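Note that the chains are named A, B, C, D, E and F in the order they appear, and that numbering of residues resets to 1 at the start of each chain.
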Amino acid sequence: MSRIDGRTAEELRPVTIERGWSKHAEGSVLIAFGDTRVLCTASLTEGVPRWRKGSGEGWVTAEYAMLPRSTNTRGDRESVRGKIGGRTHEISRLIGRSLRAVVDTKALGENTIVLDCDVLQADGGTRTAAITGAYVALADAVAWAQDRKLIKPRAQPLTGTVSAVSVGIIDGVPMLDLRYEEDVRAETDMNVVCTGDGRFVEVQGTAEGAPFSRSELDGLLDLAVAGCAQLDGAQRTALGR
Amino acid sequence: MSRIDGRTAEELRPVTIERGWSKHAEGSVLIAFGDTRVLCTASLTEGVPRWRKGSGEGWVTAEYAMLPRSTNTRGDRESVRGKIGGRTHEISRLIGRSLRAVVDTKALGENTIVLDCDVLQADGGTRTAAITGAYVALADAVAWAQDRKLIKPRAQPLTGTVSAVSVGIIDGVPMLDLRYEEDVRAETDMNVVCTGDGRFVEVQGTAEGAPFSRSELDGLLDLAVAGCAQLDGAQRTALGR
Amino acid sequence: MSRIDGRTAEELRPVTIERGWSKHAEGSVLIAFGDTRVLCTASLTEGVPRWRKGSGEGWVTAEYAMLPRSTNTRGDRESVRGKIGGRTHEISRLIGRSLRAVVDTKALGENTIVLDCDVLQADGGTRTAAITGAYVALADAVAWAQDRKLIKPRAQPLTGTVSAVSVGIIDGVPMLDLRYEEDVRAETDMNVVCTGDGRFVEVQGTAEGAPFSRSELDGLLDLAVAGCAQLDGAQRTALGR
Amino acid sequence: MSRIDGRTAEELRPVTIERGWSKHAEGSVLIAFGDTRVLCTASLTEGVPRWRKGSGEGWVTAEYAMLPRSTNTRGDRESVRGKIGGRTHEISRLIGRSLRAVVDTKALGENTIVLDCDVLQADGGTRTAAITGAYVALADAVAWAQDRKLIKPRAQPLTGTVSAVSVGIIDGVPMLDLRYEEDVRAETDMNVVCTGDGRFVEVQGTAEGAPFSRSELDGLLDLAVAGCAQLDGAQRTALGR
Amino acid sequence: MSRIDGRTAEELRPVTIERGWSKHAEGSVLIAFGDTRVLCTASLTEGVPRWRKGSGEGWVTAEYAMLPRSTNTRGDRESVRGKIGGRTHEISRLIGRSLRAVVDTKALGENTIVLDCDVLQADGGTRTAAITGAYVALADAVAWAQDRKLIKPRAQPLTGTVSAVSVGIIDGVPMLDLRYEEDVRAETDMNVVCTGDGRFVEVQGTAEGAPFSRSELDGLLDLAVAGCAQLDGAQRTALGR
Amino acid sequence: MSRIDGRTAEELRPVTIERGWSKHAEGSVLIAFGDTRVLCTASLTEGVPRWRKGSGEGWVTAEYAMLPRSTNTRGDRESVRGKIGGRTHEISRLIGRSLRAVVDTKALGENTIVLDCDVLQADGGTRTAAITGAYVALADAVAWAQDRKLIKPRAQPLTGTVSAVSVGIIDGVPMLDLRYEEDVRAETDMNVVCTGDGRFVEVQGTAEGAPFSRSELDGLLDLAVAGCAQLDGAQRTALGR
């Protein structure tokens, strides 16, 4: 049984990771999961928000947004509506938590890194592409700071690597890395964020149609862990490790 | 090894469900999970939002909020700040999805039900108490509408029951239904929404400290499923089923 | 001529004042005027707003809000609309002024007390119940601070007591403590805030229908003063004075 | 004992009412109470807000605002802050209620009148000047509509006249029409809105310092009624009645 | 070929400049270009915004707004809508830039001047009247500060004078200082801000209909320069120079 | 005298125009003026805003925004701040007016085209690149609609072509197409929008330092007209004309 684009159920879409996309940011990556393209920039500034001053610890946060015509029908700009929608909030928070899971804020010192993930073109999996790309941008920003001695010698702000992938059940079959057409048809939709050593940072599963059973959940987790392992490889290749 | 309040790891806090708390709402419940108290009201009105008119289908949505001094230190009102925070958005969306999972919107007909979950006192688990209480308020509102023939005879808008509980790993031990002091100490925090037949509607797990392993995840899911089964019983008792 | 609930024109609804309703707040009261129920919490924090720093004086302020389904038909949340309505502003300001009338801010020292009055169920007189309940919560918060020596020994931040009641003219007859059905029928509607010694802190009368005469005004004031005296008694009983 | 500007306690400041100040509005008045100057325009449009359509009744509403430098120190613009303050809301609502008290909305037919009261220079009593001036602008707008047959022949949308004045107690003495310097020193501050026949539309008294007694209240009401009678005369003169 | 009000193509409307219109502001001018009337106030305060502290330099900024019924049909208040429109932003920024072009912020010292330009009645050319009037208010505020020694002796914060006028092409003919009816018919609309010595501070031309040629542009600039020279004379007369 | 990047004063930066950048939009262009990169999408939908319904005419509008890290230091997101800044408003309006200058809305029929111009990387001239790129996206969207018969046969919604360029005076020398470092040093800054036949749609010149003379203005216009002619060529090449 083949998928809309000929992939097997356990196959990722082609992944590309282009580093140094922007000349201004300390780290910047244009990541593609198939037709989904997200520009991830990491902006590192010295100093931390007021509530963290004097703690000796840094801060990492994220903001996610979609360009109005990144989708099939144009969406209103959140800046024009004057407020951020619930979905945007939710995804920004997810990205921030996911990246903080591999950051040692003490080792980072009193520096702040903001990860901006702007979806230029959407075709499913924008949040998972954002997390996967943001990790690479983060790694570049950390290296940039180490070069400039903004971080103490021998301090290692990154405690691991992190990537994310979506999985879902379509017509009863668990599938990896859903495209948009698949996503809207999925009975269950799950986003999984893993570290490079295969442990979980976030697991978010939602029954879009009927509730799902424990064995379905297990099947999805298996797929996701395998997908993240491949993404981890793509990140390492991009970073030249 | 006992917990702060003497419970065992797999024990819920005392649960009380008080129906008919408000004289105005079509369904209203004051639910308590220990010191956490949430007022859940279900407001049923005829008609649906514009984008759904003529579809023959109803709509169910939810809004969650905390009173400013429901917590240990007073929080600013979101109405005064002029915008809703990401956490509030996220939980409102979670409650809405969870309840819709057991609603047949065709059977509901063109009626709208808004579930308001206002936290009067918080001590951990406010979102899971809200879902569990909102289900009972929803059931009362549906019965109210059936009595008034606002819903077609023999139509069954509710396809099942739903409840929710939090679980977490503290000092390496998976525990059920965390209080606030436990929640802040948890290495992993998970909210699980189950139907009465033990399947999953939502699974949201987050590593607050170190990433968690597959076996830890399995242990948490086991605890949560057992906890939801008990909550399902409490709901049935409250509803006199 | 009897009223909808059998009261005489000069009779209050049953008043209950439940102290210590919340485990978090320094003072907390659930007050009921008949079916009107308002949760009043007093949050005391050390320090004052920036514009008052170094003055040696404290600050007392209030915020009023209604839960969306506290009323007969559900109202939109002000947090969702992104702004506070005029009525809410007006009542919050009234409560704040009323309480400040019996506070010696010098004796309070540089402490801030925020009174949150959240209407859980509305049936007329929510602002007067809020003021009456907020006084008791305020008294508890002040006592709490005195116990903890946050206030100078022998300083008396409370210079008196304060309570409030609504009065109105219905079918030409002045009546005390209007329920919602009475309120909407009233030709004149007045809210009166009195100190325990029978003087006025606020008098707000509005002709809803025809303008009112001086003798009608006098009749309303007589009723209100008598009503506040009874409420003052209920406050004293609740406080065990 | 004379006042800051030589007036007696029961004397108004010089009042001027300049009709037809704007070439665009259906009614427009620049009113001055001493140095307080308020531009009041009445904008009449055919049709009513959606919730009133088909009722056969009209609608009258008001908006009050202060220019940023109408006061001694510049205030931020509410448009720039992005929200309207409580005081502005409160006064806008007061003006609207006061004018509606003398409008027969059935006789007005399905027309809407918006009264804009913009304070060009403030020196105490801006809300009372606004009400007094807005009445004249309203009368002109109604006459304009009658000339154009937008209102049924023989219909009389205005059922009376209305004016307003402030009174207060300073150093124990009740005084009429307070200037700003007097207003800030007043122990009690009251705004009274009367119809031309001497009845009350609104009475709003506030203890700024010590609570006030019934006899003080009576003294203030006497002063206010006499002041409104004079303002009624000024309105009639301006309207050439 | 004469214009709607009998003027020739190169003639300004009657200009009046009334200084000292407000008793509160350090500089205040009511300026009229025909029926367009703008109240311009200059508020000078010691100190500068945070980002400029310690620089030794002052700051000048401007805010423009229209009263809701300054126009033929009533516009919504931007404060009520909760946001400032693009046109308002654009004009406020234009006024600020224009005035800053003749201010030596070093000579001004760490003082801030806010120019508020509120349109009381609009009939075309509100932004150009605002700039022309604001200059006079600014000059008065600077003189006020010099009198009070808030500015160093012999420092000259004003490096020149500035005025503005609109020009446009109507039926192929370039015309000076357009009224509203002319403005809506103009094929090309241009606002020009000049210094007293005839150089340009701002040139903003827009093709409302067909694009305009270089020779049309030249004709408009000639008219505008001549118009500004006349306005410069009116400013000097008003200032008694 | 050569420029920072070796260009002569009258030379454009390298211009690239990549059509079909997005798979969703009816027209999409990634345009680069040197390091300035703007993604321009044209979204065409059937129907027009409510106020234009039944007119038989279409509508074209534009929205401009910068990604937070498109600049050298990260800027706050306007969606997060909850309001759009003046500069963004100003540029969005400029782009919309510029494109409407070459659109025959009658020929477009009741269709709406929204041009979104999102700056991915900024290095001066973002608004002129946006206009130049948006024209190409607009042309593609119009062709798309003609192919689908959404526009009447033989109707020509585009009446011409439009492009834009910045010019400025640096150290007394007029220069074309300023980079960011040049822009901040420019004494005078001008943006010029021309049609393909060399006429003007918009001319916006601002003295950043000293006012500019007529001859300086003439020199800038000469440069800009020549620059737009080159951009017109680049557009034609990209469109394969």
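Rule of thumb we're sticking to: a contact is a pair of C-beta atoms (placed from the backbone, for glycine too) under 8 Å apart; a residue touches a chain by one contact, two chains touch by 3 or more.
Predicted, not measured: the structure shown is a model, and the values here were computed from it.
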| item | value |
| --- | --- |
| Partner chains that chain A and chain B have in common | none |
| Joint neighbours of chain E and chain A, given as chain labels | F |
| Classification of the chain B:chain C interface as same or different, half of numbers criterion | same |
| Between chain B and its twin chain D, rotation from the CA superposition, multiple of 5 degrees | 120 |
| Chain centre separation in whole Å, for chain D relative to chain C (CA means) | 28 |
| Where chain A and chain D are represented by their mean Cα positions, the distance between them in whole Å | 59 |
| Chain D and chain E, separation of their C-alpha mean positions in angstrom | 33 |
| Geometric centre distance via CA averages, chain F-chain B, whole Å | 50 |
| Junction residues of chain A, two or more chains touched | 82-84 |
| List of chain C residues in touch with chain B within their complex | 22-25, 28, 35, 39, 41, 43, 45, 63, 65, 67-74, 77-80, 82-84, 88, 114, 116, 118, 120-123 |
| Footprint of chain F on chain E - complex, ascending | 83-87, 89-90, 92-93, 97, 101, 160, 190, 194-195, 197, 199-207, 210-214, 217, 221, 225 |
